[in-house]
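First chain written, first letter: the chains are A, B, C and D, and each begins at residue 1.
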């Protein structure tokens, strides 16, 4: 039913990004999968029917605009953009430097802004579109371990709010989902080998809810969706 | 697919309650519709296939327990309970009295607690179940016009949070959806006749998202879902 | 300098209430100390210069109005009212009943509203006055252990917000201070005998900041003040 | 009584910065006033007894460290540091560019982090110290007009929270005050010439409360203080 529709997933790695690609492709979307390194990207999602891969540094304005030009040429205008780029240095005050804060800010916030600059004006002209943003517990508060990461997610969250409030009345649904827990990945399983299955968020389950919110009827839109495993102590 | 499942909607009037009944009945649930006055209730949802009506004062402990005994006998154990009872006196400080605050508290908070007492222990024994609660902007803050209402919704919201945190690890999904806007009803249309269609939340659209959250996979549950019309100034 | 000024402290027991009485009396206020049991009250603060004691059930409208009539006759019109009444049953879902929720709501919220009814109209006529409210961590969220208490503090917090927003422009400063930790009392020391001094809030230190906020210049008023021991893990 | 104490005010312009310098100098502190342009700074606060001026770009690591070395030599180790640097480009999505977001982030967040790197380790060794941060409404949410500014203040707020949580138990009081309104300045008076006196925050009144919080006894510290004019509609 979504045959002619285009979904862009920015920041595709194992976990959320991969699951978003699969889910939207399964639902009939033409999916553009974006990441820095094309090799890893192709390995990860290159074989999924309906997924096209693009390498892009989300913090470089020229690259961002070029990528969306190519997507428009090859797949069509994006209907849904999911901003999932967002690494971060973790550590307490002594363990991080200004460069860590800056890098984290660039990937999480500047990259989101450049992506918005590349896609929102067109969506506004059309009067429709969706921009979903991957948030984290750190989007809602800072703790010692997230000295570098939480400031970047705080910035990203406020930017998402500014965009949602400005573009909602234009028919564009900007929303964020707060992943409040640890995603189930080979890497996280290894780091937390004492935890059982219930401890982790399954990225396919995140993708399930993100897809639903991205398709909410416009008289009842969600801006902020928290997602956590049922056993989480919060 | 939900053939053997039972959904209870507490506080069925025109708007959310009615839409919840229709949506869950359409999806195959046996629906128990509860409200104070059986006549109005029967008129409203009595003809919907799969809906059974029960009169109940949600603030009366004995009545609440009796009602759930009857529901268990007649339909089966509730899988999903939606607590939608929640009127409130509106007005500034001079316009409300302690009785207004108490009444509002009883319907929104005491009623929710009694309902929880009637259904959560059984759900806990079974290790599954859903309790969804209708919130409002007043669940998140108090303003002059909501002197009586916001204190009740604040109480209800904290109760919902206590329940979600205690019963999540037991496999029971407690969540609340914050209706941040005006619901489309003959009554509200008349009161705000200068507003156009975009101003209102369609209760069917609320029901759509409530159904989705009530069926989220358990590795990624939402506690708090905000819902507002795309044109809302928030 | 506060010679002709009157401060009412509602809910005087060992801890905050006693410290508020001492602090405001020391600063020259005529202090009215209110609590249910006159004997305990007299023992606690009856000997402090400038403190007059009154017994009052804060949840009984008639008693509340009579008490303020007596205060006006004997001391003068209240300039500052500190609402410190606020007990609560603690316990998880199974350990509390609807009566516990109601009692907690009555002391924390209904009592505040009745007090507001007794003092705010006069303050409004005069164009000045202060109403300070003792909050707690439970004013900001509900957890399993605070199933009864957090709903009451949530209600109280929203009521405080409604009052602050309505009465601020009338020249009346309504504020709340969130006590985020355990107050240093013989009772709490005994219960938590493994904790060292740094763990506890000194009620005199709370009184210090409450006094300051109650005397803020009106171009820069605080509504919500969090207070926690420096060593608190929050 | 504060004779031997040193207070650093970062970002001294007309308004808050100037008022902080005056207030702390009046209370006996040796005050170091920092800003980019020494000429304007000398004009503004150069004549105040007890104030020494330093030019500094708060976003340049080397300059920041050099400045604090000089302050230590000339005045002594800082006891209180007030981070008041924080300009920002205002405007909706179309009116701002990535450079505006970056600049705003650098002044509000990177500058705070560099200042923290320059002063917190020494305070930690000593087991005492105060770091106060000027926040704004934009520290708590983003709206269209603050697309560039709110993301920076969101980042700053989370950084402040991370620092407060890490350094509180070390005896260092990190706090932020949210200025929720317009400060009374020749410039703002001109821009909003239709507003009367009650509309504006007097920076001396802000300084009054900041001084009080900076001197709270350590058993009852505030992290977040909101400040708004009594007539503000919030």
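The definition used in the following text is that a contact is a pair of C-beta atoms (placed from the backbone, for glycine too) under 8 Å apart; a residue touches a chain by one contact, two chains touch by 3 or more.
Just so you know, these numbers come straight off a predicted model, no measurement behind them.
**Student:** Just to be sure I understand the contacts, which chains border both chain C and chain A?
**Tutor:** Of all the chains present, those in contact with both chain A and chain C are B, D.
**Student:** Please identify which chain has its centre, taken as the mean of its CA atoms, farthest from the centre of chain B.
**Tutor:** Comparing chain centres, D lies farthest from chain B.
**Student:** Do chain C and chain D face each other with the same patch, meaning over half of the contact numbers show up on both, or with different patches?
**Tutor:** Counting which numbers both chains contribute, over half are shared, so the two copies meet through the same residues.
**Student:** When the centre of a chain is set as the mean of its C-alpha atoms, what distance in Å lies between chain B and chain D?
**Tutor:** A distance of 45 Å separates the two centres.
**Student:** Distance from the CA centroid of chain A to that of chain D, rounded to the nearest Å?
**Tutor:** Measuring from centre to centre gives 33 Å for this pair.
**Student:** For chain C, write out the residues touching at least two other chains, lowest number first.
**Tutor:** In chain C, the residues touching two or more other chains are 165.
**Student:** Can you tell me which positions in chain C touch chain B when the two form their complex?
**Tutor:** 61, 92-94, 98, 101-102, 105, 109-110, 113-114, 116-117, 120-121, 138, 141-144, 146-147, 150-163, 165-167
**Student:** Enumerate the contact residues on chain D facing chain C in the complex.
**Tutor:** Where chain D meets chain C, its residues are 165, 168-169, 171, 173, 184, 198, 200-202, 204-206, 208-209, 212-213, 216-234.
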